[in-house]
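First chain written, first letter: the chains are A, B, C, D, E and F, and each begins at residue 1.
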Amino acid sequence: MTNLLLVLTKDPFTTETPELVIDVANEAKNKGADVSLYLIEDGVTAAREHEFGQRIATLQQKGVRVFADDKSVLSRGIYDKLIDGVEIKEIETLLDFIVDDYDRTAWF
Amino acid sequence: MTNLLLVLTKDPFTTETPELVIDVANEAKNKGADVSLYLIEDGVTAAREHEFGQRIATLQQKGVRVFADDKSVLSRGIYDKLIDGVEIKEIETLLDFIVDDYDRTAWF
Amino acid sequence: MTEGKQLTIISIRGPYGDEAPFTLLRLAHAAREKGITVNFFNYLDSTVIGNKDQVPKEYPSVEQLFADVLKKGLKKPKTDAIACIKCTDSRGVTKTQTEGVVIGGLYDLAEWIAESDKTILLG
Amino acid sequence: MTEGKQLTIISIRGPYGDEAPFTLLRLAHAAREKGITVNFFNYLDSTVIGNKDQVPKEYPSVEQLFADVLKKGLKKPKTDAIACIKCTDSRGVTKTQTEGVVIGGLYDLAEWIAESDKTILLG
Amino acid sequence: MSKKVNIIVTQPPYGKEEVFGAIPLAATQAAADNEASITFVSGAVHAVVTGQQTGYGDVARWGKNIPPLENEIKNNLELYDFYVLEQDLTKRGIKDSEIIEGIKKTNISELTDRILESEVTLVL
Amino acid sequence: MSKKVNIIVTQPPYGKEEVFGAIPLAATQAAADNEASITFVSGAVHAVVTGQQTGYGDVARWGKNIPPLENEIKNNLELYDFYVLEQDLTKRGIKDSEIIEGIKKTNISELTDRILESEVTLVL
């Protein structure tokens, strides 16, 4: 089973890219891949409790793990405003994921 | 009555900006302003015959004039693919509009 | 009727990555023909527009075209250009601006806005 | 386990206008601590990352931080950087790259991709 | 001649430089007797959230931190008006209680009024 | 070790440089025995339209014209695969008859397969 890490750097709605990432995450999961979503830069705003955050919560229910970059979350003042189950991580974790833990990384 | 020129440089859907421009055009028209929409750069793709083009056609029906930049249209290969009533103009026209013909220009 | 009018054009996008600097040049050429005075204020990434020694292989040279516009703008109609010092300092392009670009700041822009007939920002 | 692995990081965004160059630096610092070899390929607007004499007033200096990463990368783990020549030529920054940046091209990148364990592009 | 300068920002803070660039651009207008305002729309609405803590790592290594935009906004609140488009807050789930005190919520109707009334509109 | 390099472009042609940058990035991969492909999604789907005529004005003044991306694509069609995401074509009203011959329509399922099968995915 392939491990796929999807990294999202973009704010939802402002651009169309986050929607594509959700579509790919869903599809990869349907195909049996082990999928994680890592939010960094403006991408962390996607996990706020709102319409888009709900779509991420739906991914979580399908077994997608969701991570958010600590510095990105802090600068945007949303440390305690994310949907349940989002794991806040340091950049070292992201690097480990890319280099070691995941077979594939797609950075959006 | 204020003359307002809205210039749109962005592709619809790829970013959220074109939707804001449609909203402002509608609202300005409702408030009695004389409104025109000038499409340039990626903004010319907004006037293709499709979902977004239909929204522009609706603006036209409300009396909004719509222009498109010649060079932008040619480079994207869509000279003959725009909704009816879009007037294709050279950059000199846009400059005249900004400097002389319109009271207000908002360049998005 | 446009002749003798003054237009301020603020830019924020850099050359080649975005189409806006080409739009800037097209507007500049048109303004010259119509006798319109133009003030260019290059802000944020657009301070790279005036960076020297641009020799793009496949694109027209934004720097050369911009320098040419400024040179012709020594005579009526005037064309002036200011690059924001905080932005040029950040990017290391303060000392490498093409001839005709003056290093200045946002206070200069405020005055240009006040005295110009129209001001636009090429986003 | 990560130690001794090789990562290629392609960038396309310029400094200050976008957050990606700061992410690049954070990844570089983490890679050094973990003993990962990093190849930086600066493409399109990101060729301005290595431009000399950046003295931002309010931001950390991307150039100085990048130069520091490259200097430390002379010793194990290695850190190398190539800036794409067509992109540096376009922007006039070929001759003003900070110490440690090598001018190269897309063929170099293809080889880095082939030999690296992983490659990412910071969009 | 003094002018009304209506600044609209569309890009998200920190990810893009537009918010950071708009704030001093508005602040300096008063020096030429222009009257400025800033309206945050689209991704820029994230700029209004309180509690922004910047810094990418050890300051000794980084030289300095990125300036918190919250402070930049607060330092300018007395000088000119800040607005945020309500519909874009709602879309992104940003609650009223999160908004920096002094920033005013606005709507398309008011934004359109500002566009029609201001001699200059600048969209970043 | 040769690798599959899956390049995805999201930004509109001419307005942004990403399409222009992606094409040679893919073309050079073969030199290191990598196997490349490009998939146009979001605003980049406008790149597949035939009949692109570039030029901002008199070439004597401009030095040269912007390269037509249509030609760049055609010159590389034999070297590697070009895909375009069908749902984003539909959204923008681009008809099959407008697409440069040789570019293949694709969907989310196939794009996901390429992401899972390719050692490297690069999104511009």
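Note that in this section a residue touches a chain if its C-beta (ideal position, glycine included) is under 8 Å from a C-beta of that chain, and two chains touch if they have at least 3 such contacts.
From a predicted model like this one, the values you see are computed outputs, not experimental measurements.
Counted as hops between touching chains, the shortest connection from subunit A to subunit B is 1. Listed by label, the chains that touch subunit B and also subunit D are A, C, E, F. Chains that count as touching both subunit A and subunit F, per the definition above, are B, D. A centroid comparison over C-alpha atoms places D as the chain most distant from subunit B.
Subunit C and subunit D touch with mostly matching residues; of the residue numbers seen at this interface, over half occur in both copies. Ranked by separation of Cα centres from subunit A, the top chain is C. The distance from the centre of subunit C to the centre of subunit F, each centre being the mean of the chain's C-alpha atoms, comes to 31 Å. Centroids of subunit B and subunit C (each the mean of its C-alpha atoms) stand 24 Å apart. For this pair, subunit B with subunit E, the centres built from the Cα atoms lie 26 Å apart.
Shared interface positions of subunit E, i.e. residues touching 2 or more other chains, are given as 10, 14-17, 42-43, 56-57, 66, 119, 123. In subunit C, the residues that touch at least two other chains are 16-17, 19, 26, 29, 44-45, 58-59, 118, 120-121, 123. Residue positions of subunit A touching 2 or more other chains: 9, 13-16, 41-42, 71, 105, 107-108. Chain pairs that touch one another are A-B, A-D, A-E, A-F, B-C, B-E, B-F, C-D, C-E, C-F, D-E, D-F. Listing the residues of subunit D that touch subunit A in their complex gives 1-2, 5, 7, 19-20, 23, 26-27, 29-31, 33-34, 36, 117-118, 120-123. If you check the complex, the residues on subunit F that touch subunit A are 8, 10, 41-43, 108-109, 111-113, 115-116, 118-119, 121, 123.
Against subunit E, in their complex, subunit B makes its touches with residues 2, 4, 15-17, 20, 23-24, 27-28, 31, 33, 104-108. By the touch rule above, subunit B contacts subunit A in their complex via residues 13-16.
Of all residues in subunit A, only 9-14, 41-42, 45, 48-53, 71-72, 74-79, 81 touch subunit E in the complex they form.
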